[in-house]
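Here it is, the structure, as structure tokens.
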Amino acid sequence: MIRFENVTKAYKAGTVAVRDVSLDIDKGEFVFLVGPSGSGKTTLIRLLLREETPDQGRIWVAGREIARLSPWRIPYLRRNIGCVFQDFRLLPNKSVFENVAFALEVIGRPRHVVESQVPQVLDLVGLGKKRDSLPGELSGGEQQRVAVARAFVNRPLLLLADEPTGNLDPATSQGIMKLLDRINRTGTTVVIATHDAGIVDQMRRRVVELHRGELVRDQERGVYGYGT
Amino acid sequence: MIRFENVTKAYKAGTVAVRDVSLDIDKGEFVFLVGPSGSGKTTLIRLLLREETPDQGRIWVAGREIARLSPWRIPYLRRNIGCVFQDFRLLPNKSVFENVAFALEVIGRPRHVVESQVPQVLDLVGLGKKRDSLPGELSGGEQQRVAVARAFVNRPLLLLADEPTGNLDPATSQGIMKLLDRINRTGTTVVIATHDAGIVDQMRRRVVELHRGELVRDQERGVYGYGT
Amino acid sequence: MAVSAQYVARETATNLWRNRLMTIAAILTVAVSLSLVGVSLLLRQGVAQATSQWQHGVNVLVFLDPTTPVPTTPTAQQHTIDQQLTQLPYVKSCTYSSQAADYAQAKRLLDPSAASVLSVATTPASWRCVLSQPSEAAAVARQFTGFPGVDGQVQYPQKAIRTMETVVHVLDAVFLVLAVILLLSAAVLILNTIRLAIFARRREVSVMKLVGATNWFIRIPFMFEGIVQGVAGAAVAVLVTIGLHAVLDHFAGHDVNSLLYDMRTPAPEVAMTVVLVAVIGVVIGAAGSAIGIRRFLDS
Amino acid sequence: MAVSAQYVARETATNLWRNRLMTIAAILTVAVSLSLVGVSLLLRQGVAQATSQWQHGVNVLVFLDPTTPVPTTPTAQQHTIDQQLTQLPYVKSCTYSSQAADYAQAKRLLDPSAASVLSVATTPASWRCVLSQPSEAAAVARQFTGFPGVDGQVQYPQKAIRTMETVVHVLDAVFLVLAVILLLSAAVLILNTIRLAIFARRREVSVMKLVGATNWFIRIPFMFEGIVQGVAGAAVAVLVTIGLHAVLDHFAGHDVNSLLYDMRTPAPEVAMTVVLVAVIGVVIGAAGSAIGIRRFLDS
């Protein structure tokens, strides 16, 4: 499903965010991406979305080398990827409902599908009552849940989640993780960047650890950290 | 230092975010504010900053009833309060250095004080090397640390922190909490809204719990939750 | 593409409403800019109208030699000359004025002491010819010189024509240049405003892209927003133009001597201006949005 | 307040640079708008100049009765009459033209057949008076009528004066109205642009407030930004205005007959326009920013 081959990415400012990373993730896997702040987790996710292109190395997603994708095909790549962004990236002028509905409208789902599916997903993340609020009128955790809802509303092949529980209390976090687990069981590949040691340790799934941009650990049924 | 007297705050949309909360926090205290997502923690902090005014009840900060403050005095209130916002609220057009320096310039600190103090604080949060980056060029955790640095650079009387470790790995989180603890020991009152059960349980300080806007627990040397 | 009409309509409407400030700013800019263009075009038409009015006043006066006998009651013969004259290039129509008529007019025009030295016999009869092209007066005068019985000198208001032509040309040029400058300025200002408005929403655009929206899916609602703003602004401009036209017409009233009366512009030409203004509004709105959004669409 | 000059300077400079797009948009808007105002003011001054040139050409022609004997070699006596005439209100200067001179001129002006009926004796001598106020020609003519030896009729170019005056008044009014409309439009457009630019930075303003910045602390750098944009825009407008003036002057050349020559505007008046444009730029920049930011400062 995903293959990184000696991928290196440096930002203009000179920071090497990802250094010579090679990684294979199969279809249907559930992977935690861990590492200290600034270790390159978000950058890895941005590379998968082709929000950035690698300086060196190659990346395949669903059998395609995405650096070679022509610009007009990028949207179609992204439609197969649901993403929970670390900073949410909600559309500030759209209501909760519209934000989630947008991911369906983009792929041309008819109105009645949108009308039935969105409220269902919002209920799943516990925001049924907030459907007409604007993002600015939500608490941090509520915004994060909207982002989660938007990411999987269109049943993507690949679900990327960058710190999806950073603003959530442990109970809600567990709810979200159960949800992601359930989605994973339907065949969706799930990659989660997280700092939440409790959840990683509890779920016992594959753990990939980055440190200063380098892949330092890749462990089946892993835990958050060795010592911490 | 802080006194809430039967404070109620409802937003336009009809959500009662804070309901009849009474609370006293003495000078020099260290308080954790906990509660599920959407329980009103951020709203409480916004009330203290007079970003919002209560619908009912009264709030005193440092001996002043802040709802009665005339508009031109509000900036002077805020200069005594350092705040780490949940969504960071960095100035997007200013570098890391300038963002932190701004809090000092606002209170008229001369240039040489700014020049010496800001790098010191940036080193404390581990961002010495990122001083010239813009917020958009930082990882989530780095932005959060800039927000922390800005909040205490001018040694405020009161330090409010809304989810200051949501985007940080456990090691960095502990570093930040140690920092806040140290600041607290110099006499600064510290109020932290957080979901990080690990930290709350480890620090064993006063815990105030909100649930649907109501104060449901106020416990000396408390833990994050009873059951969770 | 596959952008549904319903989606576009809803998107356009809600975005216009939720970005009120920017909507109003853009409409205002279009309205002000295009109003200036419209007014300037209108004034230019007015000048053109006035010119064509004034041109009716340019005559070439052909004096016949009083010593050559001419019939005092010119009928068929006069008609022939008339035809011959009229066939010359640039000559529109000619009227004959007999010696007696010319004498009468001279007496009226000159002060008595000067008139007293004239007599019917010494006053030359004349043809007064209206030209289709006043600037050709000199050429026409030359042509007449060969005609039988025509006095050596052919009079035409040389200095007056030159001055009037200069004024008209300058005014026409001024208003044309003004209209073009205003149009360019309007384009610049409107594009500017749209760019700023889209700049304020660049984050929104980037989020849409990350969720998998195609460029057209993002662009079309923006373009429709631009069109609506352009149309609304142009509508205001059209009203201002029509309003000004009405006001000028009103003040022109029926005072034949007033300059405004000369400047009255017929409705069809005003309509042309109005249509032009409206089209500019739509095009600039749509193109402006499309161009303005382009750099935020490049990934 | 306590806003240090250093802070303001640094803040202004970096903000202008980091918000390039908005800076350029604002400068462009100011430049385009004020250029239009400047050009319009310049044209208006040109018209005023041309008017004053044309006014030198308005003479009142006083014919002396040829039957009343007048000295053929007028010396002291003529001087006295000259003085008397000049003392009349609105009369600027008068020149005498003898019977012989008038006859010579008439011969030149009229066609031979008409001229042949004139003689020196029947041609009246005349005074040709330049008026300071051409519109008063009729009144002056009435005053002359009482003078010794003055022929009953005093000639002045009645129709010509009326037409010229109308044209001048209309042109003057058109350019004044245009300048005022353009000025108002410029104000609206510039305010609009500044508001949009500040709107795009409203979050920044709100963060500054939350960190404890006073309103003036936030407002002053914004105002200076506005001033810099206003000055830069106005500078462009000033260059355009001066440039146009230079171009017009160049084309005017030394062709005394051209309208452009008549419109040449003296440097001090151009300087006035330029100063006016610059001041408007600064004021609108500063005030615009201050007003634009106001609603985001209300807490």
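Order of writing sets the chain letters: A, B, C and D. Residues in each chain are counted from 1.
Heads up, the rule we're going with is that contacts are C-beta pairs under 8 Å (C-beta built on N, C-alpha and C of every residue); 3 or more make two chains touch, one makes a residue touch a chain.
Worth saying up front: this structure is predicted, and the values here are computed from it rather than measured.
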>> According to the touch definition, list the chains common to the neighbour sets of subunit A and subunit D.
In response: B, C
> What are the chains that subunit A and subunit C both touch?
Replying inline: none
> If you average the Cα atoms per chain, which one ends up farthest from subunit D?
Replying inline: A
> If you average the CA atoms of subunit B and of subunit C, how far apart do the two points sit, in angstrom?
Replying inline: 67
> So, what's the distance in Å between the C-alpha centres of subunit D and subunit B?
Replying inline: 63
>> With centres defined as the mean C-alpha position, give me the subunit C-subunit D separation in Å.
In response: 24
>> Report the inter-centroid distance (CA atoms only) between subunit A and subunit B in whole Å.
In response: 28
> By residue number and range, which residues of subunit B touch two or more other chains?
Replying inline: none
>> Can you pull out the residues of subunit C that are in contact with at least two other chains?
In response: none
>> Please classify the inter-chain touch graph. Allowed labels: line, ring, star, complete, other.
In response: ring
>> With touch defined as at the top, which chains are paired up in contact here?
In response: A-B, A-C, B-D, C-D
> Touching subunit B in the complex: which residues of subunit D?
Replying inline: 2, 4, 6-7, 14-15, 18-19, 201, 203-204, 207-215, 217, 299
> In the complex of these two chains, what residues of subunit B are touching subunit D?
Replying inline: 49-51, 71-72, 74-79, 81, 83, 85, 89-94, 98, 102-103, 105-108, 111, 150
> Which subunit C residues qualify as touching subunit D in the complex?
Replying inline: 21-22, 25, 28-29, 32-33, 35-36, 39, 43, 63, 65-67, 111-114, 117-119, 122, 124, 151-153, 155, 162, 166-167, 170-171, 174, 181-182, 185, 188-189, 192-193, 195-197, 199-200, 258-260
> What does subunit B use to touch subunit A in their complex?
Replying inline: 11, 13, 34-38, 41-42, 86-87, 133, 137, 139-142, 144-145, 162-163, 166-173, 195, 197-198, 224-225, 228
